[in-house]
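Following: one structure in structure tokens, then a few remarks.
Order as written gives the chain letters A, B, C and D; numbering starts at 1 within each chain.
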Amino acid sequence: MLNILFFASLRESLGTSQESVALPTPANVGALISELRKRGDAWSSALAVDKRWRVAVNQDMSTLDTSLKEGDEVAIFPPVTGG
Amino acid sequence: MLNILFFASLRESLGTSQESVALPTPANVGALISELRKRGDAWSSALAVDKRWRVAVNQDMSTLDTSLKEGDEVAIFPPVTGG
Amino acid sequence: MKISVQTTDFDVGAEMAELRGAGTNIGAHIGAIASFVGLVRDMNDGSGVSTLTLEHYPGMTEKALAAIVTQAESRWELLGCTVIHRVGDLKPADQIVLVIVASSHRGHAFEACEFIMDYLKTQAPFWKKELTPQGHRWVDSRDSDAAAVSRWQVSAQEGKIN
Amino acid sequence: MKISVQTTDFDVGAEMAELRGAGTNIGAHIGAIASFVGLVRDMNDGSGVSTLTLEHYPGMTEKALAAIVTQAESRWELLGCTVIHRVGDLKPADQIVLVIVASSHRGHAFEACEFIMDYLKTQAPFWKKELTPQGHRWVDSRDSDAAAVSRWQVSAQEGKIN
């Protein structure tokens, strides 16, 4: 299983801040996002290709190619706006 | 008369911090420096062409061409090193 | 290096004194301290802002800030660095972020301080939500912040330490 | 604008609070405060420094500093600026100079603060004398300081407000 975290506007539009999901096939970030988009309109819209979202794996910024393994922490969030 | 001020290393090497001197002819900074150089070795050496000194007239940076008039405050000093 | 993510306010003078370590050996080698304080403005994008809420990703935030400071330490000769970022609900004029950089040289202190702010703005996982008369809204990321970061990357390609 | 040439020390936190004018209207428009503190180092050009004496030209100093700040205000959108420079005998780790710049924008605050320091170093009539184990010596002006100022002049020629 993966521990998925959602932050900020994504957390609000998806109505969840944390979930456990199965490791996708192939085991990478791109496959995980594809799986999540299948959950319905809110998900496919929030995670659309033309939307600006970011993924971190085990607290490092990742790309769609980044590999995943059992127990990884995957965070999905909009571009950061601190400072 | 002009009110001449000397600062920092120039003040020390010339042994004076303030003097009143007559308006030179022509009445500009270059002529004043030429007059001062005639006072002796310490003066001609401290104010030599290849030495780095600066002149301010009435508290504004000046050049050798800057005109002088009765009562002007003329300051002569090395390049600044504050901050 | 001191990194802190906190709900409480900070005291710039006290943080600067702590960084200088008054009385220690390091203190008297420091010739320059550059600092930056970011504050909540009462207006943004044409609307009045009454509350600014800062969300963050606990754990990753501290890690990202430490990585940014480490990168600055490898590019410039630094003698100390403090980064404090607040989270939670803030009001106009409240302090949000503090970066203090100490060095022997003023150029290094200034550049490193601006570098850390530019990277913090685009890489540290914080998100701002504003309360305006029209309701709550999430603050959009700015293209100007992305541009501010990109100039340091050009410098790296030109041969500075990456 | 606040300009002060003084023998006494300054309190960075108190000066920053004064500039922000806590509770006034201006305060909540400020989004960014950049600052710089210059300190006496215990070493310079390979020699230990036990006392640093700062001489200045009373009257012209304040005028030169005000002119530098006015120039910065015409180049960037500033909401406030404080410049304090000490004179007299200082010891290693003592504070020499403080520049604080407030703006709505962080880029403006950073650039104006660095601009003011670069111009102060080359145009304000202060002179440093060091006491080292070899005796007293006047500090020489640095080519690097002249170079630091010249980059702002290039910018002006390229079309920025002069």
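Just so we're on the same page, contacts are C-beta pairs under 8 Å (C-beta built on N, C-alpha and C of every residue); 3 or more make two chains touch, one makes a residue touch a chain.
These figures come from a predicted structure and were not determined experimentally.
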item: Joint neighbours of chain D and chain A, given as chain labels; value: C
item: Most distant chain from chain D, judged by the mean position of its C-alpha atoms; value: A
item: Distance between chain centroids, defined by C-alpha means - chain B, chain D (Å); value: 26
item: Centroid distance [mean C-alpha coordinates] between chain D and chain C, Å; value: 22
item: Inter-centroid spacing, chain B versus chain A (mean Cα positions, whole Å); value: 72
item: Residues of chain A engaged with two or more neighbouring chains; value: 83
item: Overlap residues in chain C, where contacts from two or more other chains coincide; value: 38, 106, 117
item: Touch list for chain D against partner chain C, complex; value: 11-14, 16, 20, 22, 27-43, 92-93, 104, 106-107, 109-110, 113-114, 117, 148
item: List of chain B residues in touch with chain D within their complex; value: 5, 7-9, 52, 56, 59, 61, 75, 77-83
item: In the complex, chain C residues that touch chain A; value: 38, 54-57, 59-60, 63-64, 85, 96-97, 117, 120-129, 138-142, 145
